[in-house]
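Take a look at these structures.
Consider the two complexes below, in which chain A is the common component and chain B and chain C are the respective partners.
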Partner chain A sequence: MLDRVVDPAEGIYTMVPAPYRDPEASVELIDRVGDEQGVVGVVFVTPGAEPPLGNRRYDVIYETAEAAGLPVVFHGGGASIDYFHLRGYEKFIETHTLGFMLNNAAQLTSLVVQGVPEKFPDLEVVFQESGVFWIATMMHRLDAEYLKRQSEAPLLRHRPSHYLRGFHYGTQPMEQPEDPAHLAALFDMIGGADRLLYASDYPHWDYDPPSVITKQPFLSDAEQAEILGGNAEAVFGI
Partner chain B sequence: MPRIVDVDAHYFEPAEVIGAYFAEPWRTRVLDAWKGADSMMTSLFPGSTGDQEVYGRIRRTELDTATGRGLRDPEDVPVAMAHVGVDACILLSHRMLSFARLAGEDER
Partner chain C sequence: MTGRVPVGPVDEFPPGERTLVTVEGREVGVFNVDGELYAIANRCAHEGGPVCDGQPRGALVGEYVGPGERVRESFSTAPAIACPWHGWEYDLRTGRHLGDPSIAIPTYDVVVVDGVVHVEP
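The block that comes next holds the complex of A and B.
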């Protein structure tokens, strides 16, 4: 990628794909290429992470990314034969509905409950490729559990939803409720337009064009500009 | 129109391009697996079939994620960006994203 493709002058950037099952190798890779022109983050693919990504064995990766000023991006996946088909789900629509969202939800839960945002307060965290409605569900479900069992999350100084409102989220695949007011309410629940980053996921079959943002009647021009580019410029330093 | 930044796009470079950066014996494994195959799949890179199973409902003939057609060469990237309508993108190496999941000691 760095030798042949990445070209910041042309608007083409990339991230370090962390081989997180080997934290030392991840740290070595970030140290080696993290300051190259056009490298703007460290990406973790979320399906299959065992132990989950809040485990302290990954702290050295987060520490290194934070020190390098690189956001960590948790990228969903898991729509195919690797999990759900093997367990009897027969339709792609079923696995695609569940896989991306559940893999991200599992890693987000671990990340927050294990206190990663408290341990690395300057670390920018981004989740992507699960749409946006799952975020509010996780906020309220985690809060409800936390209020009953705070002693199991001793590093947290706030409700889990507080930390989720500090993260950023890729918009793709953006849900399309019949009533746009529902999407407007969701945006408000997760902290507003400044939490969201336009993402296409091109060239996958379900990619989103920028019109998924520009056609939303409840977004002001300023909010659209934030989601389409302004927030990404701030988070990734692009 | 504001500047549009796409924070998640994928690049499907041929496995032989990635393999050239590997140490032996993995370089040979990748390059041998690639020979004669018009596909991104090799025995080394974890893959999935799901993206292809769209049963004709969505026709996007300008690209093919099985072979990478549409976004597999550097010159494809500006064309893709213009097609989607973005000014900048964060492009992920799709195969390396999968590769980062590997746990086997012999596949490090």
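The block that comes next holds the complex of A and C.
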């Protein structure tokens, strides 16, 4: 990968795929390649993480990434060929609607409740490939639970939505309501354009072209530029 | 001073005791927790539930002690009370929600004058 594909001069970067079931091996891999040219993050594939990724066994991975200045990126998964919670669906669209989102939601819930953002305050956190509307659901749902049972998340110093507004999110596959005002309200709810990183997922069947951003009437040119590149440059240090 | 609301003789208000009084038309719970007196509005900021029906206890706190270590949890000496309806929990001293200090319900000073506990409006 590093020898033949990654080429920052051509705009091609990569991330360390954390073999997180073995936290020590993950640390060794970050130590070995984390400072190579073109390596800009540590990626976790979110389906199948047992225990979920807020568990203290993964602390060493986050500690190492934070020290290396590498963001951690949680990448959804969970379409029909993967292990999936809801067996018996008959169409791909059924699992694909929920799988990526549920797996990211499961890990985000664990991360926040277990206090990872408080344990590692300089760690940049990104979730990707589950669209954007789930973010607001998680904010409000976690807040509602937390206000009733905050003693179960004793490391938190703010309500959960505060931490979610500190994360970044890949946009793809971005939901596009018929009324753009609804998308505008969602962007506002999750902390504005600077939370979002345009992702294409090309050439997968559900890829998003840049026009999913450029055609939104409520985004200024500056906000579009942030989402399409500026935010990612800042998060990944490129 | 006018407006002070008498609660009762201090020697009839031992640790563990609580009572309700009306202060300027609002129901207020008065507590003796380990010898300290507190008064807090009996109306939860969430859905108006009877906060003062809750059981005072120390606020649970957690401490991160290192990577891979279990978060160290303990009950602090900060007195708190949780509304029995949904569990919204407040610091008895400040009235602030333990999970989000931007949420608060009124608290009142408690004074003992001539052996009688009073709530200051």
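Definition applied: the second predicted complex is superposed on the first by the 233 of 238 C-alpha atoms of A that agree within 3 Å, B and C clash if a C-alpha of one lies under 4 Å from a C-alpha of the other, contacts with A are read in each partner's own complex, and residues count from 1 in each chain.
Simple rule for what comes next: a contact is a pair of C-beta atoms (placed from the backbone, for glycine too) under 8 Å apart; a residue touches a chain by one contact, two chains touch by 3 or more.
Keep in mind that this is a model prediction, so the values were computed, not measured.
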### Task
Determine, under the contact definition given at the top, whether A:K119 touches first (chain B), second (chain C), both, or neither.
second
Please work out whether A:Y198 is in contact with chain B alone, chain C alone, both, or neither, and reply first, second, both or neither.
-> first
First (chain B), second (chain C), both or neither touched by A:L2: neither
The answer to whether chain B or chain C touches more of chain A is B
- Of the partners chain B and chain C, which touch A:A181 in the superposed model: first, second, both, neither? neither
Tell me which partner A:R57 touches in the superposition: chain B (first), chain C (second), both or neither.
-> second
Going by the contact rule set out at the top, does A:Y13 touch chain B (first), chain C (second), both, or neither? first
Between chain B and chain C, whom does A:K148 touch in the aligned arrangement: first, second, both, or neither? second
Contacts of chain A common to chain B and chain C in the A-superposed view none
So, in the complex, the side of chain C touching chain A is made of residues 46, 59-62, 64, 66-71, 73, 86-89, 97-100, 103
Listed in rising order, chain A residues that touch chain B in their complex are 1, 4-6, 10-15, 17-22, 25, 40-41, 43-45, 47-48, 73, 75, 77, 79-82, 92, 95-96, 126, 128-129, 170, 172, 197-207, 209-210, 224-225, 228-230, 232-233, 236, 238
Contacts from chain A onto chain C in the complex sit at residues 56-57, 59-60, 62-63, 114-115, 118-119, 146-151, 153-156, 158-159
Residue set of chain B touching chain A in the complex reads 2-13, 17, 46, 48-51, 53-54, 58, 60, 63, 65, 70-71, 74, 77-78, 80-81, 83-93, 96-103, 108
